[in-house]
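In what follows, subunit A forms one complex with subunit B and a second complex with subunit C.
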Partner chain A sequence: MNGAASGRASASRGASRAKGRALTEGQRAERRLGLWLCAPAAIIMVVVTGWPIVYSVLLSLQRYDLRFPEDKAWIGLSNYATVLSSEVWWNAFWVTLLITVVSVAIELVLGMLLAFAMYRAIVGRGLIRTVVLIPYGIVTVAAAYGWKYAWTPGTGWLAGLLPGGSAPLTERGPAIAIIILAEVWKTTPFMALLLMAGLAVVPEELLRAASVDGASLWQRFTRVTLPLMKPAILVALLFRTLDAFRIFDNIYVLTNGSQGTGSVSISAYHNLIGGLNLGIGSTMSVLILVTVAIIAVVFILGFGTAAPGSER
Partner chain B sequence: MEAGRRSVSGWTVANVVVVLYAMVPVLWIASLSFKDPSTFTDGSFIPRKWTLGNYAGIFTNADFVRGLVNSIGIGLISTFVAIVFGTMAAYAVARLTFPGKRLLIGVSLLIAMFPQISLVSPLFQIERALGLFNTWAGLILPYITFALPLTIYTLSAFFREIPWELEKAAKMDGATPFQAFWQVIVPLAAPGMVTTAILAFIFCWNDFLFAISLTSSDAARTAPATISFFTGSTQFEDPTGSISAAAVVITIPIVIFVLFFQRRIVAGLTSGAVKG
Partner chain C sequence: MAEIVLDHITKRYADGTVAVDDFDVRIADHEFVILVGPSGCGKSTTLNMIAGLEDITEGELRVDGRRMNEKAPRDRDMAMVFQSYALYPHMTVRENIAFPLKLAKMGREETQERVERAAGLLDLAPYLDRKPAALSGGQRQRVAMGRAIVRDPKAFLMDEPLSNLDAKLRVQMRTSISRLQKSLGTTTVYVTHDQTEAMTLGDRIVIMRAGLIQQIGPPQELYDHPRNLFVAGFIGSPSMNVVPARLEEGLLRTPIGDIPLRGRLGRAAEGPDVPRDVIAGIRPESFEDASLVHDAEEGGTFTGTVDLLESMGPEKLAYFTLDTGAVRSEHLSEAGGEEAGEECRLVAQLDPKSGARRGQPVRLWYDTQAVHLFHPKTGENLTER
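Up next, the complex of A and B:
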């Protein structure tokens, strides 16, 4: 506010004392402003996520099926026992993990190539940077229908490449492969953009020096570029791993979880919206949250200060 | 010279590969949307018999038109609120020292990584109790919540790049911190805000899980969710044409954003991460 002004006014009386006081006043005003400016965002985020999380833990401790509301009762941890001993849940869990690991691994390699292409391109840089944003921006559901029809026997151009009579989306293995393909196609550009930002951090002189010293392209990549890019790679991996773990849209459209291709999000959705079983649905929600937290903690512990936000 | 020419042709090949990668799946759905229903099953990449009938069909489908209106309305309102609140918070994060700053950053980071499905079951129940289920507000609230971390991160990265001496100069001239913020900084920050708004809008436009879980009719169901309910106008009619035409329609706004704001979007997507 006018802390600075009053500080200037009293400067003649005692420079050091007035300055000290003005600073404190200024600081107090700054703190107040900071809190006020953050309040709306903080309140919305906490209200929309905080209470629902607590509520879903409470729901997970109850037998609560909207089809039989009169049976509602507190049953402790037995929902957890039910879910954790269910083959369907574990199948969904391993499928989700498989999709996450495979798609993030492929995305890292493809994304790195794409990042190099975008960063180093002499010709048509604007063009590639523009087109890669299309998979990123396209509505996942729209793209998923594209993939679905592409692999539908008779209709699809890709299905036509397969031996006659095969319907890949109705078989477990091929269906999971197609889900991974759809996921990789859509999210590699995002990975590539994050990695490209990391590439920009690598100083040109260092690469030139290495090249003068006789380092090959591969050596320059593994010995200079990769170590310097580590923070960017870890951030990209963390974001994409957690994002892949919550995969829903692609599976919903491609198989809707049939033939054992459902992810944990699909299972929770089916229990909740299809089955109207709030207790079991919430238990799965809590378990998914816990898993995501574990993945995040592993990343952050494993990579220390490279965690996003730690710099601030 | 020779090496130069070789690398130029190398880049041309790389460009072609990247363009094919990005465009083929999109062109395929576009092609399908122009196919005459009698030729859906010919498996050809290029339509053999062109028609606009699929588009005419979806635009006379009241559910889809309503879904588009919902998508646009909900997306714009959520984006607007997220940008206003996000700008305020990002300014504070980038510029001010105050208690709880790290907590705010931590909370937004947690929300950015939060599995949305974990919110679906409690929100389904809470919104039904509050009468928010199947309303615009019922979708706008979670959308703002998930767009906020994105806006706070992206904008605070942009805000760090702004020449803040100007703000100091304005304060010297007697502007209050709020005036300095609103009249000096906001105009400078406008490009970053446009970028962030586009990213936030893309997020809302893209959402599917909340849209199918927290709605039960076309009162609030957004376009992606509406598409997944297409069954064809009769039981025997194949919805392939309508679904592909609708998929193309909801893709168009994104393509327009990308074409006009490519540079900005790239800057926005990467700004939050580099600093990390």
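Up next, the complex of A and C:
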């Protein structure tokens, strides 16, 4: 038994070694062609994303302020110490986190409702799908200006609904709420699209089986549809969380980060472009990259247990 | 356990298509009823109406005398087994089987006990903690059965539960379903397109075609006394042979010889509105190698050259081509028999001792009293009216 098993194992190892060595001429040509076909994309990626990332890491390790170019020097990690002990950075970080969590949560619920509406609608399905997708088709900056004017006292139709003299975009709480509103309005359709794709993979027969088994509409949703949609939900959440954490354009237009409403991206921008402090700005960018990477890793670890039907 | 009454039930869709037309059957408590027919005949729609997955347009569905038309599926207390098994992929076998009990808010201990009992009945005990993806087709099918029996429902509804299995497993599961139903005694409605399943499983068979019931009865009755050409062609494998025939004075002229019109054939020929040109049907087992028949009184003989010979073990199937055109009838094309060619073919089921050889002529005897006559237009069985 044991001998047979190990014999089989060594045989298969031998086979795979033989396979690795004995590539035929045709296989080698195919492999070469594959590399050539990948090369342009790989080179472009290295040039336009790989190098800038490396360059900003290098900048983050230097004292480099364009106002004092002669002070440029390698200072190790002290930029990181500066940023991580700065109240401004942490304020921006928590604001970003708040916007991310609240907007993604609202988008998930609304997106699910819209996905159901788009998927289940019997009459006017085309119309519903078109209407739902309109916000997604509008340029974010243009939409952000729309929201900005709408909330500006005197001219805006939404500001007009508020009690006289209130200027919501100049107060921290209301401004953040408006930023979240603009973000939700803009990206819920994207969420709904991803979730609709997930809905489509739930077999109709399972829902019928569940209803015969005694499940109510809500039980069918929570016990059959949701578990089967889990991978789609995680993908949607991953995309949206990564996106939301890097929020920039809505804030840039609506408040430009005043009254403590700036996100980490806004902070990085202000230091890098406004303040011309390449060292500190790059440090912030690298920290954003690290945070986004952590979020992605957490989600991807979640995927492993998510696939329905996977053994354990 | 329940009596299910389908009282003149009709299903009409919004576009006017009638899927089921005036379906009227009373299914007794403990009974095993098969709905059989070619695809699109309305058998699954009927089952879905019983389950509550589709609305009933007209008529009334009663279970134990109570009207069910407006009840949601979950309030009907019926269990359904689907062709795809419809197992929940994110749950283990145990959770799948326990799902209906969990929804019914049954206590933990009783749930546990019932799941174990169902699993024991279906030999699923070793797989209780696996996910459906890790099971074979036959095991999945048994889990679907387990989920149905665990609740002890009023009725089992089965929608082609065996059609995704390979042939051998299908036969195996067929007997175990039959045994299970007999021991539980639960009223069962079973949908299939396979006439063998219908013949072997059911107490009664309901044959459907294009939304209409063709005939209802026990398997043997449907086999021996088909009411029309469709039923005759659908039930039985190999299918009944059909040949063109002509009624003349005291004789039925067929490509396999002239048959005197006596007994039931005589009575059939004397009936009202009987055209002169009819369709004659005779089952393959009504033939025998003439050399093996000693008492060949009530019978005709026919000599033909064997095109093809299939040795099945307990019998031999001999195929012949008759020098006449094939019978064309809308009643046959849907019955799912052999694809009708240009020529009229005949199959005879012979004793394995028969000396028939391929390419050689053989003299066959056939039982003339086993011949059925059908109306060429309406398909009605003239010998059974």
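The working rule: the second predicted complex is superposed on the first by the 280 of 312 C-alpha atoms of A that agree within 3 Å, B and C clash if a C-alpha of one lies under 4 Å from a C-alpha of the other, contacts with A are read in each partner's own complex, and residues count from 1 in each chain.
By definition in this document, contacts are C-beta pairs under 8 Å (C-beta built on N, C-alpha and C of every residue); 3 or more make two chains touch, one makes a residue touch a chain.
What you see is a predicted model; the values in this text were computed from it and never measured.
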First (subunit B), second (subunit C), both or neither touched by A:132: first
Which of subunit B and subunit C A:227 touches, first, second, both or neither: second
First (subunit B), second (subunit C), both or neither touched by A:77: neither
Touched partner set for A:297, first subunit B, second subunit C, both or neither: neither
Partner chain(s) touched by A:208 [first = subunit B, second = subunit C, both, neither]: second
Most subunit A residues touched (candidates subunit B, subunit C): B
Set of subunit A residues, in rising order, touched by both subunit B and subunit C: 308-312
Footprint of subunit A on subunit B - complex, ascending: 7-8, 11-12, 14-15, 18-19, 21-23, 25-26, 28-29, 32, 40-41, 43-45, 84-86, 88-89, 91-93, 96-102, 104-109, 111-126, 141-142, 144-145, 148-149, 152, 171-172, 174, 176-178, 202, 205-206, 208-209, 212-213, 223-224, 227-228, 240, 243-244, 246-248, 250-251, 254-255, 257-259, 262-263, 265-266, 269-276
Sites on subunit A touched by subunit C in the complex: 203, 205-206, 208-216, 219, 223-224, 227-228, 230, 308-312
Complex contacts: residues of subunit C adjacent to subunit A: 51-53, 72-74, 76, 78-80, 82, 84, 86, 88-90, 99-100, 103-104, 130-134, 147, 157
Complex interface listing, subunit A residues touching subunit B: 1-2, 4-5, 27, 29-35, 37-38, 40-42, 44-46, 48-49, 51-53, 55-56, 59, 114, 117, 121-124, 126-143, 145-147, 149-150, 154-157, 159-160, 185, 189-190, 193-194, 196-198, 200-201, 231-232, 235-236, 238-239, 242, 245-246, 248-249, 252-253, 264-265, 268-269, 272-273, 278, 281-282, 284-286, 288-289, 292, 296, 306-312
